[in-house]
Amino acid sequence: MKADAFDGRRMPERPRHGLAGYRSRRLWDAATGVGVYLRTMVVFLLVWQAAALWIGNPILLPTPVDVAESFVELAGTGEMITNIVVSVTRLVASFLLAAVIAVPLGFAMGLNRTVFEMIDPTVELLRPISGIAWIPLGLFILGIGDALPTAIMFYGAFFPLLINTITAVRSVDRSYLNAARTLGVGRATVLLQVIIPAALPGILVGARLAAGAGWMSMVAAELIGAPSGLGFAVEWYRELLMTPKVLAFVVLIGLMGYLFDRVLRAVQRSLTRWAEPRNA
Amino acid sequence: METLNDAAPKLRLRGVRKEFVLPRTGERTVALEEIDLDVKRGEFLCIVGPSGCGKTTILNMIAGLTAPTGGSLEIDGKPIDGPGAERGVVFQDYALFPWKTVWENIEFGPRYRKGSALAKSQRDERVRHFIDLVALNGAENKYPYELSGGMRQRCAFARALANDPDVLLMDEPFAALDAQTRVILQEELLRIWGETGARDERRTVVFITHGIDEAVFLANRIVVMGSHPGRIREIKTVDLPRPRKPEMRASAAFQELVEHIWQLIRDEAYAATVKA
Amino acid sequence: MTRVISSSLLRAAVLPVGLLVLWQLVVMFGTPSRRAPMPTHVVEAAWALIGSGDLPLALIQSFGRVLAGFAWAAALALVLGALMGTYRAVDRSLDPLVESFRSIAPIALLPLAILWFGTGTPAAAFIVGYAAFFPMIVNTIHGVKSVDPQLIRAARTLGVDRLTILRTVVLPGALPYIFVGARLALGVAWTSIIAAELAVGAKAGGGGTGGIGQMMFVFYAYSVDLNGIIVCMISVGVVALVIDRGLRRLEQWMLPWKR
């Protein structure tokens, strides 16, 4: 009931030293976490450096120092920013488009049996065909340009969103629906105030899977059939045998994928504050 | 003993049957057979019986969440054909909306109810009143996961009351609580029900429980049920004076009633327990 | 009862059949292009490709690469995952690496793989293994960590040694998660082999390395056979489905206590 009782319940293994002690304890934990992280990464970079020096061929394996220099250079010329903007624009556009179509469709399919029976078989027929398998046909229809990566990413993101929305809507606990109905509210209220919030966590899980799947198919599509974007840049510098720049863009692709997931996690947390926090 | 008005029952069940079809075999089982029951206006009625006697099914049918296979259910002479705001339910697992705070949960009925939604100021006043009544002050902005079992129970109770129902249906509301909390909440429930006040201001309550002593402590009348198939064994009037006091639990009259009801359901309760 | 079944079957069939008919009609009467694919030609192409043995061969080649890549990735992921799940120090030290590499899309590494291994099977197996490694290790760690410590303590008090505990308590407890990981891993592995073969075809100018992705690229770039491309897409889907269902079966058979 009291604030400290609540804290005690969430962190049962920690003795209570009052708020100040608790804060400094958390700070210490975070600091050692960063320490361990840095230690691992430093060891990794040293091993890489040693391996690169031993191989002695910067086209096969450049040193981390070379890669870092390329990274800075690319950032300085604006080439990196241009490609990031291109890729992220595609990513956001196709992700939003997929969400706008898949989520309402998922609700319709989750709520109405007839709609589900009509659409589900087609979904199940298309779903196993990965977005990447559409690239050759897409190249033919859309040509090399902006449209192909956007379309492939849309396709990659669509199914995780749809399937997770259907499951989330269907698994809304009946007792919440019963509770709302016995309070005498109408169907619109049940949808807005009960089904949508109850399904939200599942839909957000779907959104994160969709972003991951979409990002992967988009890099592939850019690599094969686009004149711009991060995937294109990687392949471009491989053909020029400028491996440090290849690696700089590979690092960037990892970084962007990570950041996008972080953003979605933050959205997830802020939208589902009411959910019981898992014991960390 | 208090007399209750028999003239116009609040709820009237006539020949209510419920059959279930087993999904695997298609076999029909009779869950309830031919239930006749009148619940009087302002009465506190408890239903006790062994597991599987269909207590919850009766409650769900009165709530309008389940349709009977045969027979009729009426409230104030009108047939029940679905859930309605005049019948509030407190569920066994509380069914608080996890995405709404205590305040928002209690506000749910008055705010979103069909037809008679209240203006904000009236609504706030009412929510405040019920939060005070169930002593949840200070927890208004907490989410259900942050509450203890007893607090959740009180919140669910306040949510049902804030919607101003004529009939309150409670499905083993104290089953998940520890013994001390349960005893305290039983007394609280009677206080909120209005035991000390005028009798015609009290709501009609149908209360399902496993606990025989709980039923005796709370009820005007106790419906004792048997199972296989679910049916009414006996309806027992509790003529203990109100307001009920904790000391009454030790009285001979109280113990006699408990013992009598226990004898009625003992064999079936044993059978159900050993089989399960 | 039968009427219920037939009407839901009807509902299921309306959309796919309708789309196929529409597609056929639009191409037959609506487009001047002779190249535009349509269902009847797709069926003919499928028949020819299966009859000549080209399609089965390509699928077997691709699937072989998937298995090769999956094998090394799974072996590494199981060992590392078991260590990380058991020892907190190992977990804390290696977790930053796993998290950093996990977010790199496997296809982005293809140019590097081509530099290192050429355009043949090793490059493909590298990409596939890289893609399969992460679902596998993440689920293994999770599975090992989720084993109830109470069970391990119970086994200890019964005087069982560490290796036996690993074999009889930890492994069965983690197995359901490992299966989930394996199913996800083979799924992304199959997706990335297509991407890898396509990209090798597109960027290394074809060549005789084979595989279903390569076949699609040849249809796209040289013979411009759109019907053939669609046959390949469908077979990619069928193999994905077979992998998924096959592993689910295997899981049910090996873990009969689950559900």
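The letters A, B and C name the chains in turn, as written, and every chain counts its residues from 1.
Criterion: contacts are C-beta pairs under 8 Å (C-beta built on N, C-alpha and C of every residue); 3 or more make two chains touch, one makes a residue touch a chain.
Predicted model only: the values in this text are computed from it and were never measured.
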item: Chain contact topology (line, ring, star, complete or other); value: line
item: Chain centroid nearest the full-protein CA centroid; value: A
item: Chain at maximum distance from chain C, centres defined as averaged CA atoms; value: B
item: Approximate Å spacing (C-alpha centroids) for the pair chain A, chain C; value: 19
item: Euclidean distance of C-alpha centroids - chain A vs chain B, Å; value: 47
item: Averaged-CA centre spacing for the pair chain C and chain B, given as whole angstrom; value: 54
item: Contact footprint of chain A on chain B as seen in their complex; value: 63-65, 82-89, 91, 93, 95-101, 108-109, 112-114, 138-139, 143-146, 148, 151, 159-160, 163, 169
item: Complex interface listing, chain C residues touching chain A; value: 8, 11-16, 19, 92-97, 99-101, 103-112, 114-116, 188, 190-192, 194-195, 198-199, 202-203, 216-217, 219-220, 226, 229-230, 232-234, 236-238, 240-241, 244
item: Chain A - residues contacting chain C, complex; value: 36-37, 39-41, 44, 59-60, 114, 117-122, 125-130, 132-137, 139-140, 215-216, 219-220, 223-225, 230-231, 234-235, 237-239, 241, 243, 246-247, 249-251, 253-255, 257-258, 261
item: Chain B contact footprint on chain A (complex, rising order); value: 1, 6, 173, 175-176, 178-186, 189, 193-194, 197-198, 200, 272-276
